[in-house]
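Below, chain A partners chain B and then partners chain C, in two separate complexes.
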Partner chain A sequence: MPSVLQRLFQHKLATVGAIVLLLLVFAALFAPWLAPNNPEDVHPEASLRGPSRQFPLGQDPSGRCILSRMLYGARASLSVGFLAGVISLGVGIIMGSLAGYFGGWVDLLIMRVAEVFMTIPQFLLVIAAVAIVGPSFTSVLVIIGLSSWTGYARVLRGEILSIKQKPFVEAARAYGSSSWRILLRHVLPNCLSPLIVMVTLNVASVILLESSLSFLGFGIQEPQASWGSILSQGRAYFQSAPHVATFPGIAIMLAVLAFNLLGDGLRDALDPKLVEGE
Partner chain B sequence: MQPLLEVQDLEVCFARRQVLRRVSFSIAPGETLGIVGESGSGKSVTALSIMGLLSRPGRVTGGRVLWHGEDLLQLPPDSHRQLRGKAMAMIFQEPMTCLNPVYTVEKQISEVLMLHRGMSKKEAAEAAADYLEQVGIAEPMARLRNYPHELSGGMRQRVMIAMALAGEPELLIADEPTTALDVTVQAQILDLLKQLQAKTGMAMILITHDLGLVAENAERGVVMYAGEVVEEGSVEELFTNPAHPYTQGLLRSLPRWGEQQDMLYTIPGTVPRRLEGIAGCAFAERCPLAEERCAEPQSMHRFSATQAARCWRTKDKVGDAEWQSR
Partner chain C sequence: MKRLVVLLIALSLLLTGCGGGGAKTSDTFIYALDADIVNLLPVKLTNVVSTTVSTQIHEPLVKYEDTYDEFVPKLATEWSMDPSGLSWTFKLRTGVTWHDGEPFTSEDVKYTYETLLDPATKSVRRANYQIIKSIETPDEHTVVFHLSEPHGPFLDKMSQVPIMAKHHVSKVGLDDYNSKAIGTGPFMMVEWIPDDHVTLKANPNYWGGKPAIENVIFKPIPEASVRAMALQKGEVHFASGLTAEDFEKVLDKGNVQGIVVDSLAFAYFGHNNRNPLFADKRVRQALAYAIDGESIVNDVRKGAAIVSVGPISPTNAVWFNPNVKQYPYDPEKAKELLAQAGWQVGSDGFLTKDGKTFSFSVILAAGDEVMRNQAVLIQKWLKDVGVDLKLEFLDWSVMNDRLDNREYEAMMLSMTPSPDPDQFNYWHSTAIDNGFNDWCYSNVQVDRLLEQGRRETDPAARKAIYDEVQAILAEDVAAVFLYHPKVLGGLNKNFTGMTEGPAGQAPLLYKVKPVK
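Our next item is the complex of A and B:
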């Protein structure tokens, strides 16, 4: 039987997504070595100049190197994406497990709180919270992380409700496993595949959210670079210097697309109906 | 001798509906007790109550379950849990889905060994192969690395049995252990259980709707109908001289080898949907011998030293002897 990875790489688009992501991660990790210029060096005399040999993707309104800023911006976007993804996954797993496994009033309370979260558009919620706490790398990632756990909790709760009825859970009770042990060792591991798919899709939406925040000036602050803020600076000059807004826009699109392709591929590769082969 | 397990007047309700009443029986160390009855007669609920596995809305509303003389129903849930798997183990009807699909056979057997025998991970992994060998699985080392979906139904049931054995229980409750298996595999599994029982000296409660299995494998039998024990006796007595009309009906319904029969006998009517409102014999409305007094509650009437039935006619025959289960 082919393993999950083998089946994932039979999926052409998912493979493309994975490769693009690897390249982005590579670019972010090695930004200091890959960047042709210091991303914070200002050249007022060369404002908005197009691509040249020394500045391959051109210069922004302050004359800074757009390629270098994008490489450093990849660090910000990807790390916000991953870290906020991890936070929301963690909170979602805890909330979903408590709700689904223990049920009763715990379930009622958690799911009502989740519903309240879901009625408020996430973007507005995040902007409001950032406005209160003050924009910074940490506040953005924590706030995004804490505001997007509801999807995980809901999906996990549903999975747990169905898994905990399975005979093997009763068998585990019959040989004396404690309820925590049953939750952690028997129930949760059987609920993970939909969550893995959700994480990849969620990271994509977090990257988009962070870019939007930075575009509006609520995200990562100057002089630190972010794809959203570069795009925002280029917006005013879109007709005279289209390269400023175009390149970060392409980067955002590629990253989000790659995560979505990978998520789609994972969804197929982790499909229990294909895995069990029964 | 003190019985290993004694169930006294057990009553269970699901929400408001009573599903077990006046269930009493006992089992001695090393003995095999068969519990027979049709679907919904309360066999499995009885087993789950003993194990402390009854889940909402099911609830024990009366009676006692004495384990070495100690009432399990009074134990804090955590103490009862620690007995499960160690003192008493259970195997289920669905071997296909009773193993956790994400772990190898080795991990699952090891878990019991680590939980109840205090073994380290390494010791448990080594002992696991031993147990697979004991339950008659060829190439145990190779099978240890298999996932459940790579095994056949019979193999999975053997793995379940190995896991049950791993806690070295004094009592094994087998709830329809062979219902989901082929007839040939059925025979192998029961042979295996008997053989293991002889080796380890554990007692076994065999729950089944198959009278043949009880006749071949048990020493004593309990017949349940609509949540009640209607008859109890040694296997010889139950099969040659059944006292309760329900047991008699069940035996008449069996096809007999070498006998030309156009139609099999069936007991007319169906099992009552609810016990509320039936104070007396639940079987009365289907019973060919029913009389007026059958509507009154009655206890088990002793028929012989080891046999008793919940029927007035038994009392008529043998008088008012006091019955004490075992």
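Our next item is the complex of A and C:
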């Protein structure tokens, strides 16, 4: 039986997605070595200048190197994506397994809370929360993380509801295992694959969310950059200096597309029905 | 007037302009406003957009027209102050009629000022006029103002209140006046369609002669880029408050003539002087040395500004004092001054003193790209000398609350003073709680001079007083003065004669003529 990874790499688009992501992660990790200039150095006299040898992707309104800012911005954008993804996954797993496994009033309470969360558009919720707490890297991260757990919780709850009826769970219970042991050792590991797919898709949407926040000025604050904040600054000069908005826009698009391709690939690779079929 | 007013004034200065009818006949002039009018009632004028329209309909006793140092007679033809400085007598123009044909008399002047001073009117401008103790009307064409103390800027104050018709306003009331406005001015109200347009037509019986253009249409167009496009296409004949980039593009087309106005506004980086961080004068001077005002003027404003040394612009030549301490960009000097003030470079590159990092945040309005760009530069320049500046971009409503409550370590804005140097409302310590002293600046010597300058009526003596005020403000770095913006506008070449009045004053549309 081919491993998940092998099956993933048979999926061409997923492979492309994975490679793009690896490149982006590489760029983010090694930004200080890759960046041709200090991302905070201003050259006011060279405001909005197009690509040149010293500034391969041109300069922003303050004359800062856009390539360098994008490399450093990749750190912000990707780490918000990953970390907020991890936070929401963590919260989602806790909430979803409590609700699914224990049922009863715990289930009722958690699911109603989740529904309340879902009735409010996430973007508005995040903006309101950021406006209260004040925009910063950490607050954006935590707020996005805490506001996107509901999807995980719902999926996980559904999975657990079906798995906990399976004979092997009953066997474990008959054997005298504690609830926690059953949940952690027997139930959860069997529900993870849909979650993994969700994470990749969720990271992509978190990156978009962060970009939108930064676009509106609620995200990463100057002098730090994220792709969204550079894009936002470029919007005002879209006619006179299109390079400012174009490059970060392409980066956002690539990252989100890559995560989505990878997510699709993972879904196929992890699909238990396909595994059984082979 | 509140801060919003100041903002609107600044904005509308940017935006005032007029357009000539490209598509329409050449006797209709279309003028792009940056917002819809709010209230045309002369005693309730609070923003430049409303003032722009209202002053075409109504006229004050005297007015600044082409220069900042001379009052032009409008509804008053002669005026004099008695030697004590406690009363002013105005001789009114004879033969002037309101738009409905009724004669204009001294009763109208008295009524206007009494309405302004009546607390029930709730005019935000009332506080500025409380020096008026009583108003007498010995005959139909004479008005005498009695003051509680001599007041240097009295004529300046008179220039800011257009006169309204007693017989009309007492009938129609103060509310809902806009479309019923009646004045003595060169243009008469035709209609106001909210958020769409205001139409005026020439007053055939204007005492100064019927204006050359028959109709004026004011169109509110809030987006600067849309105004620029409308001007380029000839949809409006005058638009202003254009960005430097748009301005160049519009002029390239050849059907528009550029109109650049040096505004009296001053843009600043304002630290909160109440904050102990800025208590040491050397620290404030270091901030001034660390910020490159010239680069902001050339690179951010693209030359559309004048480097500033204080709150009075060199354009206001009569009152401007060039001999004040200046702070050319000099980061080394800034570091030196900060070191003298006891700030040491810490391990993270930022300055520390008594275990605290030199870090503060500046609030500024979100959405203004020019402000943002200059803030980014200032942040970097301050970082270069070891100061950690954080930028807080705020929505206007939040920003206003923070300003009203003086809740900030620093703020970046601009103010538009009137041509008279009496900036009591900006720099006097009582204006911290009851005025526009957003810098929370307090200096007994400046307080005394400002009080003295207001009471003084001899121009030469006032000049000496305000020269000293400017020198102290600069030496003290009451704020880091950045620049005086130029307002970029354009006039369709089918029209000529467009002049914007001096800063804060409305454009003089009665001077506009169609070409040919």
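One rule holds for everything that comes next: the second predicted complex is superposed on the first by the 277 of 278 C-alpha atoms of A that agree within 3 Å, B and C clash if a C-alpha of one lies under 4 Å from a C-alpha of the other, contacts with A are read in each partner's own complex, and residues count from 1 in each chain.
As a convention for this text, a contact is a pair of C-beta atoms (placed from the backbone, for glycine too) under 8 Å apart; a residue touches a chain by one contact, two chains touch by 3 or more.
Worth saying up front: this structure is predicted, and the values here are computed from it rather than measured.
Participant: Would you sort A:16 into first (chain B), second (chain C), both or neither based on which partner it touches?
Facilitator: It touches nothing on chain B or chain C.
Participant: Quick check on the superposed pair: does A:254 touch chain B, chain C, both, or neither? Answer first, second, both or neither.
Facilitator: After superposing on A, A:254 lies clear of both chain B and chain C.
Participant: Report for A:166: first if it touches chain B alone, second if chain C alone, otherwise both or neither.
Facilitator: first
Participant: After superposition on the shared chain, which partner residues are touched by A:35: those of chain B (first), chain C (second), both, or neither?
Facilitator: Neither partner.
Participant: A:189 contacts which: chain B (first), chain C (second), both, neither?
Facilitator: first
Participant: Applying the document's definition of touch, where does A:177 land relative to chain B and chain C: first, second, both, or neither?
Facilitator: First partner only.
Participant: Hey, what residues of chain A end up touching chain B and chain C alike?
Facilitator: none
Participant: What residues of chain A sit close enough to touch chain B in their complex?
Facilitator: Those residues of chain A that touch chain B are 166-168, 170-178, 185-186, 189-190, 276-278.
Participant: Any idea which chain C residues touch chain A in the complex?
Facilitator: For chain C paired with chain A, touching residues are 245, 292, 295-296, 298-300, 366, 369, 372-373, 375-377, 379-381, 383, 390-391, 393.
Participant: Please output the residues of chain A touching chain C within their complex, sorted ascending.
Facilitator: Touch residues, chain A against chain C: 40-42, 44-45, 47, 61-64, 217, 221-223, 233, 236-237, 240.
Participant: Touching residues of chain B toward chain A in the complex: what are they?
Facilitator: These residues of chain B touch chain A: 51, 53, 78, 81-86, 89-90, 92, 94, 97-103, 111-112, 115-116, 149, 160, 163-164, 167.
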